[in-house]
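Next come two complexes, and both contain subunit A; in the first it sits with subunit B, in the second with subunit C.
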Partner chain A sequence: MIKFINVYKKFKEECIPLNNVDLSIAKGQVVVVCGPSGAGKSTLLRVIPRLEAIDRGEIIIDGLSVTNSRANLAKVRSEIGMVFQQFNLFPHKTAIQNIMLAPMKVRGLTRKQANKKAMALLERVGLVHKAGNYPSQLSGGEQQRIAIARSLAMEPGIMLFDEPTSALDPELIQEVLDVMISLAREGGMTMIVVSHEIGFAKKVADRVLFMDNGVILEDGSPHEVLISPKHQRARDFMSNVLHVRDDLREENATFLN
Partner chain B sequence: MMVTGVKLTLLLLVTTTLISFFVGTVLAVMRVSSVKALRILGTLYVEICRNIPGLFWLLFFYFVFPELLPSEWGKALNTYEHYPVVAGILGLTVDNSSYVSDILRSGKLAIPDSQKEAAITLGLKPVQQWLYVMLPQMYRAVLPPLGTRMIHNFKNTSLCMAITATELTWATQQIESLTFRGIEATTIATVFYIIVSALMVAVVLGLEKYLKIDMTSITKSKA
Partner chain C sequence: MYFIEQFSNWKFYLVGAYPAGSMGGLLLNIVLAAIALSLSFFFAIILGCGRLSPKKYIRYPFGWFIDIVRSTPLLMIVFWFYFFLPYLLGEHVTVFGSAAFALVVYGASYQAEIVRAGILAVPRGQMEAALTVGLSKYQAMRYIIMPQAFKIMLPSFISFFVSLFKDTSIAYIIGVIELTQSGVIVSQRQPDRIYAAYLCVALGFWTVSYSISRFATSLEKRLGTIDLWRFSLVPGKR
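== the complex of A and B ==
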């Protein structure tokens, strides 16, 4: 369970990515966050493992406040996995070494145990044959799948995805989404996904948030938020950005089929 | 005499390279630390050490440093047979480590913050973040200038003749004053310096090739 209590974060004057946000996300929920650029979506994710400190309010994860306690923060961080827009694989390590690092150093697994676990995860993301490759030898989609496997290796209860497909070439997006969809369908893991992939939201999200100017404007089921949002701002956004892109993709799909 | 000189020069090379590599790393980490006191301390050290000629540091450790200590300790150092070597190692290390730290710091600046963020969210502790994620990338990024600096430091070992450390350059001077075979001795020493420097270049090039990684996967990031 993730709880935001009146969370406020300011970067500069007039740039307030989180303006007194109250939010509660139940264990196992799959939440998709969308909204225009600069709305505060990424910041909403980044304050959870405290990659950014907040200015006011409190964030509580599984009953532990991460706002003021370093001990809690360390505990919570090892339970959270995060997947970044730019993948952020360690370029000096091979795919499998990227996955094995944290289980060995943080969880204390032996090399053999970590290797076994990494191979299982590589299997799951369909990249066993790329185990020995360095990130620079992998496509963007492959890098992102390795990054997801790397996070899963820590068996996190919470997975945060910060625009995981935005930096990918269009033809590589689906392979990453497929991995995320299977994760969501498996259940049990809390997932917060900042993304404009409406197909993904429709398929597996329990809940969709729409953010604008540091405020959560819409909060409801995918149908409520994507199809019939209450606020004009959200309606404009959905029709301008999402539906157009979505329709295009579906058109392409039918065309290709 | 030449053989003794060669041995001591190699000893100075190995010890100062290793120590200044280690000290320089610690200083570089201090200088990019989030703790302000560490940053100030590190910067102070580097700016003081780097802005004073290396020869002065050798003279300082040889002549002045024993005087600053309690008198028994100072006397013990002054009468210690190998103190010139110790002073040489201290002086060269102080000089070299400040350069090493600055080179490494530039390596840190070349690595995007997102690498650290990935390490944080995997639950790695700060020391582990440095050891397994940041430092390996920093060393790779600065290998060429780091190698150049270490070769520079190797040549600086010749300054230790000024404090009577019996290294190679000192030996050539001795041979000159005892036998007037200065030109021969200096020629041999020159060839030796060239060969060792060339070997160091070869090692650096080999390491570059061996550790070569393509950083484009992390540097082509768009906002």
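== the complex of A and C ==
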């Protein structure tokens, strides 16, 4: 369980990505966070493994405070997987080495055990045949799937996805979403996904948050937040996101006819 | 003609009185450079990382040290250790020892800045990714940041290596009998052959420096085949 208690963070004047956020996410819940750019979605994720420090408040994971200065950060972080918009694979290591590194160095697995585990994960993301490739030899979608496998190698209880498909070519988005959907359906893992993939949210999310200006405006089931949000701000945003899609679809239809 | 004639002194230029007497000439420059390079490289990594420390009480002293050395002429540093080291460690410190010490201090400070720039050039996301898979900060530096940073640093390191090799000639000023000193000695013995003697000195430095650069170029090409994702050093060439 992840608990935010009155979390406040300020970058500079007038830029408050987290404005007294109170939030509690149950174990195994799949949460999608959406909202306009600069709303604080990424910061909401990044403060969990303390990639950013917070100014006030407390974040508690499974009863342990991670904002405490005495918290064992490496331990906390090894229980949390994070997938980034820019993939952030290690460019000097092959796909399989990327996955094997942390289990060997942190969990103390032997090379053989780590290799076995990595191969199983590569199979899961459908990239066994790319095991020996360097990240530069992989497409964006493949890199992101390797990045997911790398996080899963530590068997984290929590997976954080920071706009995992935003940097991808449109045709590569689905292969990454498929991996995430199968993860979500498997259950047992807490997932927080910052994304505007409404389709993903509708399919597997237990809960959708809408953020604006560092505040969580909407919090509810996908249907409540995506289709009938209470706040005008959220309604505008949703209609924009959804409308763009509709327009595109119409355009494509006309084009194809 | 005088120049050709100078080659009869080749042994003196290359190794000094070695093996019968003390080592000198070009060999001494090479030994001095090798000592200075290997030691200063080691200290440069410590200095460079120290300067990047998030803790002020570590970062500031390292920064001061680097800046003070970098804003002092090498000649001053050589003089300074020439007078200071015997005072500190006793009279048995040789001129070679103090020259080597000065070059290590000088080299470490300059290379510390190369180290710092190299580390900063690695995208921030690499450290974040390394930390979120559970590596400690030290492990992240050791396995993720440094290997990438070294590739970025390599060209700067090599050009500094070449210039440090040439800078060993400054040891002449405190009486180390290296190549420059050899040239001076020869030219004093045969005052009419001054040009020829210094031409030989230049040839010696050039040969070694040029060989290092050539070797470096081939090394870079070879390492360049390991693709470093998006920060390839030559645009368009992956």
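We adopt the following convention: the second predicted complex is superposed on the first by the 239 of 257 C-alpha atoms of A that agree within 3 Å, B and C clash if a C-alpha of one lies under 4 Å from a C-alpha of the other, contacts with A are read in each partner's own complex, and residues count from 1 in each chain.
The definition used in the following text is that contacts are C-beta pairs under 8 Å (C-beta built on N, C-alpha and C of every residue); 3 or more make two chains touch, one makes a residue touch a chain.
These figures come from a predicted structure and were not determined experimentally.
K.L.:
Let's test your reading of the overlay: on subunit A, do subunit B and subunit C clash or fit side by side?
P.N.:
After superposition on subunit A, subunit B vs subunit C: clash.
K.L.:
Does subunit B (first) or subunit C (second) touch A:Q86, or do both, or does neither?
P.N.:
Both partners.
K.L.:
Would you check which partner chain A:R77 touches, where first means subunit B only, second means subunit C only, and both and neither mean what they say?
P.N.:
In the superposition, A:R77 contacts both subunit B and subunit C.
K.L.:
If we overlay the two complexes on their shared chain A, which of subunit B and subunit C does A:L101 touch? Say first, second, both or neither.
P.N.:
both
K.L.:
Does subunit B (first) or subunit C (second) touch A:A167, or do both, or does neither?
P.N.:
The answer is first: A:A167 touches subunit B but not subunit C.
K.L.:
Of the two partner chains, subunit B (first) and subunit C (second), which one does A:Q29 touch, if any: first, second, both, or neither?
P.N.:
neither
K.L.:
Touching A:R150 in the superposition: subunit B (first), subunit C (second), both, neither?
P.N.:
both
K.L.:
Just checking: does A:S139 make contact with subunit B only, subunit C only, both, or neither of them? Give me first, second, both or neither.
P.N.:
neither
K.L.:
From the superposed pair, tell me which subunit A residues show up as contacts to subunit B and also as contacts to subunit C.
P.N.:
Residues 49, 51, 74, 77-78, 80-82, 84, 86, 88-92, 101-102, 105-106, 134-137, 147, 150-151, 154, which sit in both footprints.
K.L.:
Give every residue of subunit C touching subunit A within the complex, in rising order.
P.N.:
Those residues of subunit C that touch subunit A are 123, 125-126, 128-136, 139, 143-144, 147-148, 151, 226-230, 238.
K.L.:
What residues of subunit B sit close enough to touch subunit A in their complex?
P.N.:
Per the touch definition, subunit B meets subunit A at residues 114-115, 117-125, 128, 132-133, 136-137, 140, 211, 213-218, 221-222.
K.L.:
Quick one: in the complex, what on subunit A touches subunit B?
P.N.:
49, 51, 74, 77-78, 80-82, 84, 86-92, 101-102, 105-106, 134-138, 143, 147, 150-151, 154, 160, 167
K.L.:
Quick check: in the complex, which residue numbers of subunit A touch subunit C?
P.N.:
49, 51, 73-75, 77-82, 84, 86, 88-92, 101-102, 105-107, 134-137, 147, 150-151, 153-154
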